[in-house]
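In the two complexes below, chain A is the common chain; its partner is chain B in one and chain C in the other.
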Partner chain A sequence: MTQLILFNVFNGLIVGAFYALMALGLSLILNLSGVINFAHGGFLAIGGYLAYALIPFVGFWGALLIAPFLTAFLGLIVERLLIRRLYGRDPLYSLLLTFGLAYIFEDSTRFIWGAQSVPFQVPDWLMQPLSSHYFFLTGYRLFMVLLVAAAVAALFLILTRSRLGIRIRAGTLDLETVSVLGVNVRILRTLNFGLGIYLAGLAGVLAAGMLGLSPTIGTSLIMPSFVAIIVGGLGSLPGTLLGGLLIGVASGITTVFAPSATEAIIYVMMGLVLLIRPRGLLGEEGRVQ
Partner chain B sequence: MDREPPQRSRRRTVLKAGLAVGAAQLAGPFIISARGEEPVKIGLDNPLTGTYAAVGKNELIGCQYAVEQINAKGGILGRHVELLVEDSTSGDSSTAVQKARKLIDRDKVNFLVGNVNSALAVAMAGVAYEKGVFMMDPGGHTDAITGTGCHWNVFRICNTTQTEANAVAGTLVKDYGKKFYYITPDYAFGHTLEAGMIKAVAALGGTRVGGALTPLGTTDFSSYLIAAEAAKPDVIIFLVQGDDQVNALKQAVQFGLEKRVHLAGAQGELEPLEGLPPEARIGTWVFEWYWNQPGVPHVAEFVAAIKKKTGRVPTARTWFGFAGTWSCALAANGAKSLEAVKMAKFLQGYHLPPEVALMPDGAYFRAGQNQLIGDLYVGNAQAHGSAPDDLFKVTKVVKGTDVAGTLEETGCKMTWPA
Partner chain C sequence: MKRLPVNRLSSRTFSVIIWIVLLTLPIWMRAVGSYTELGTQVVVLALAAMALNFLLGFTGTLSFGHAAYFGLGAYGAAMTIKYLVPSTPLAIVVGMAAGTIAAMIIGALIVKLRGVYFAMVTIAFGQVFYFITFRWNTVTGGDDGLSGWHRIPLDLGFTSIDIEHDGKAFYYFVLLCFALCVGVMAFLLRSPFGRTLLAIRENERRARFLGIPIERHLWLSFVISCLFASVAGALYALLNNFTDPRALYWGQSGNFVIMAVLGGMRSFWGPLIGAAIFVVLQDYVSSHTENWMSFVGLFFVLVVLFFPRGVLGIIRRRTMR
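This part shows the complex of A and B:
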């Protein structure tokens, strides 16, 4: 039993790292622009499908490199043409827009690649378990965790060391002042949106290697990401990371005792956090970090 | 002017967003063909989105092809046939019921057809019974539909879960062992299929060493697979379907579980196999129809026609839709009436013609249950076959009459209108 729980804790961390990657992109966009991007799952699916289309030409590694950038490019277009118009309005406007976009993206992938799952292949040597005892630790999953860690480290470096990142963080605190100080807020928001969608695209390629790639792949992954943000604390990127890992571990442990409640547990956690600490575990009341 | 809303209102908005997810779309029906003065209407209320979108789409293709054939052969009672299609969603029974009511009340359909999801099929059957409308369930498997919850006006093409379990249990116990672990979708279909498997396996000396109920639409199966491996079974039975089955099998193979334990399922379909990379096309399954049936009359023509239409071979789902729609037409033309009671009475014990049955031993609607009894195909998934779409190797054709149990065992007690 102890071993089973430990296995599930470990496995939960792997799953949670993936949720965190998706949630970080969502959180970036939400923090700076106030847009609750319901189309994030759609961008994730597009990232996976673009990689699927690219693999015959550039191989898995090439696709992993290119597909997230193409997804981010699509994100930039969407931001310039649609989302930009709704900045400063009630968040419900952008919520409705992205909600509609999510449907459009899902149906577009269904129209182009079909409703059925498509076989997405990653290199054989990545698909083997590293040891027969820890069979759930495959090369691919380890690679995924390392990549998530690298992406998170890079994101935090960008946010703390680069001029763009410092402006994004400043804008998150007080966009008006940043604007008055001469920063082009429009470009800042566009680049920030692109960065968030890049993370969605990256998560999409990684998910396609692990799960079946179907048009609904994004829809089924978006809710845990929202929960990760709420549990971790709205406005806090470290909180989002923590939230993702926590829900991964919680649902893993729940499998041992009540398998049918693994999905419910993350919403129970969200409910408890909202009741006891409404700003989330690392969120600060009244302001965003 | 940019102005950031306070964080509190954004948090509320995030929460409100969840509510919006449940909002169902109630757009008008998508009419496939509309000809003639007074067409006979068939209303298809089936998933076009969500987990079951792929299988729902294939049932739709089967329905469309049947309608084309029926119209080419003179229609129903000399009238053209029109197919009205509604998206029931994959798991929202309230949407399926709303769409069923709309099809019946507003569009005045003569036949209601659906649903892939058993829970939705049960809900639709309730509406059809209340309204006295003839209903055909092409692909919702839960036993109750033609069992304890049977109705005089509700017919079914696909098998009961108990029939499927009975068909495959013998092979599994004989060849792979007696300890079974179940990964089961947490709704009507999964529950009855697991109960059916437990019963069928127990009769042969097998036992259940554990199981996990998984929510419909589960993506990550890793924790369930860890629990399954820990129970040390001889066979892990995957009862999840559609995209869930793809996710579960793909992860099981990534974990190398197929080298430690036999992987199998009571209901296999071509759609998930097509979505899997070759190395994950493994395990023992029962198919309810398969396209590669050398020597069976009319199958090759059907396969060629669907391939011409869609570029792919038909799956069991395509055949469910095809046979279901044709059964509606055969019932009306045979009864020479569109009255549900007369059509339902006509189909009691009715044998489908070979060009619709498309099975070696034919298929018939068992009287007193309204359940189609045909052949089942037990075999193994294969990475590569005789053709790119040949992903299943049939090892045994099981006659439905041998595994469907008796009418009494189904628990169906039908009350006909006076």
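This part shows the complex of A and C:
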């Protein structure tokens, strides 16, 4: 029983790490540009499929390195051509636009790679269990947790140490002042969007190795990411990270006791958080309204 | 909100034209090579989109999760006929109650939120009901949907109307429900309550300083909006004699929003126009290609980029000049 619970907690932690990675990208874009990027799941799927297409040429490690950058590049194009036009307008419009994009992305991946899920090759030595007792602890899972942790650490380093990151954080608080101080806000928003999409692409490659690759992989991960942001608190990136891990573990534990409530539990959590603390666990006061 | 008398007159003529078109629809629908069910579908989805627009266009609050209440209405109606009483009116009442009660609870949780945050929470909450219907196989039929039931002829005591087999009769039944709901919404929007909602939309802070309890009004607007959405859902289930979890999926919520935007969310009849265009287009595209998702997605993008004011918004702008 302990092993079963441990297995599910660990599993939940991994799933939570996905949610967090995706939600962090969503959060970045939402905080700076006020855009709910519904197409985030679509970008994630494209990241996974690009890696799948690249593996025969550059191997798993090459794909892991290149695919997220290609996804981010696609994100930059989308931002420049479409999303940029909607800044400063009612968030309704960017929501609808990215909603349409999500449809197009899902359909294109289905058109190119087929509706069936495709096998995603991860190096064999990573798939070996590390311990015969804890059979679930494969190298790939451990590697994934470490990689997500590294990515999150890198993100927070960028945000606190680099010039770009400091500008992004400043812009989140007061974009007008940042603009007056001579920062090119258009480029800042574009780069910030690319950074968010890079995280989605990275999550896509990792998720492909863990969950398998199908056109609906993005849509199944996007809702929990929304919940992660709400639970963690709007405007707080550490909150988003915490929210993602929390709902991952919560659904992992629920799998043991009530398998059919696995999905519903995270929405119950969201309801409780909104009831007790409407701004989210680490949300700042006053940002809600 | 200052309107010229000329404009008010034209909007009244417009309403009359709409009602004439809707009342004669089964007569000319076949003449243009279509079928009555498509017209019924337009009316049902238009009701849902207009219900959403009560909140979106007239209170200025975006809900991206109305499919949940639409779907609850559908399941409420379907389960009433299948498990409880074979009665069409009762099915609609139960469906309406199911959606409204859920909206009362969810609404209380979210009225403090605004803007993007409100939209995001409504999206997320919409998914709860999706997963419940998806997982609760024994009662809801799970992914396969709830079939094995059909709408029941109306029993008026002295006579009975066969809405089960007669498509035209069912159309007029739906149109009657539509008229009742739309009438109530129009009445509410003209009442002091409706004017208050407009005031909140235009300037929430000023409305708050005037002593208007904003949260209570938002909650009421949300619940009213969801109430009519669930009536639409119940009618939708009756139309198809079937319902499945896709009725509650967030894609459906997006469809309602795009209908409202496409038609013009600042005008009362806008969502009806949007629903008509959307339904006809979807019917056409899905019968000609398997990649209808791309077309719908492209449609969303084009509407946002080129028709953000909607059809009626553009027309009104032209006539105002």
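Note that in this section the second predicted complex is superposed on the first by the 280 of 289 C-alpha atoms of A that agree within 3 Å, B and C clash if a C-alpha of one lies under 4 Å from a C-alpha of the other, contacts with A are read in each partner's own complex, and residues count from 1 in each chain.
Convention: a residue touches a chain if its C-beta (ideal position, glycine included) is under 8 Å from a C-beta of that chain, and two chains touch if they have at least 3 such contacts.
Everything numeric in this text was worked out from a predicted model, so none of it was measured.
On the superposed chain A, the positions of chain B and chain C overlap enough to count as a clash. In the superposition on chain A, A:A170 contacts neither chain B nor chain C.
Touch criterion met: A:G34 reaches chain B and chain C at once. Applying the stated contact rule after C-alpha superposition, one finds that A:Y140 touches chain B and leaves chain C untouched. For chain A, the partner touching the most residues, choosing from chain B and chain C, is B.
Within the superposed three-chain model, A:L275 lies in touch with chain C and out of touch with chain B [touch as defined at top].
Shared-chain residue A:F99: touches chain B and chain C both. Look at A:E263: by the touch rule set out above, it reaches both chain B and chain C. Touch criterion not met for A:L65: it reaches neither chain B nor chain C. When both complexes are overlaid on chain A, the residue A:G212 reaches chain B alone and has no touch with chain C. After overlaying the two complexes on the shared chain, residue contacts for A:A53 are found with neither chain B nor chain C.
Once the complexes are superposed on chain A, the part of chain C occupying the same space as chain B corresponds, among 97-105, 115-123, 151-159 or 205-213, to 115-123. Overlaid on A, the two complexes show chain B and chain C touching the same residues of chain A, namely 30, 34, 36, 90-92, 95-96, 99, 106-107, 110, 223, 226, 229-230, 234, 260, 263, 274, 278, 288.
Note for the complex: chain A touches chain C at residues 30, 34, 36, 82, 85-86, 89-93, 95-97, 99-104, 106-108, 110-111, 223, 226-227, 229-230, 234, 260-261, 263-264, 267-268, 270-271, 274-275, 278, 288-289. Residue ranges of chain A in contact with chain B, taken from their complex: 3-4, 7-8, 11-12, 14-15, 30, 34, 36, 38, 87-88, 90-92, 95-96, 99, 106-107, 110, 114-121, 124, 127-129, 132, 135-136, 138, 140-141, 174-176, 179, 185, 207, 210-217, 219-221, 223, 226, 229-230, 234-235, 251-252, 255-256, 259-260, 262-263, 274, 278-279, 283, 286-288. Interface residues of chain C facing chain A in the complex, by the touch rule stated above, are 56, 62, 64, 109-110, 112-117, 119-121, 123-125, 127-128, 131-132, 135-136, 250-251, 254, 257-258, 261, 291, 293-294, 296-301, 303-305, 308. Within the complex formed with chain A, the residues of chain B that make contact are 1-7, 9-11, 13-18, 20-21, 49-51, 53-54, 56-57, 186, 211-215, 217-220, 222-227, 229-230, 243, 246-247, 250-251, 253-257, 260, 271-272, 274-279.
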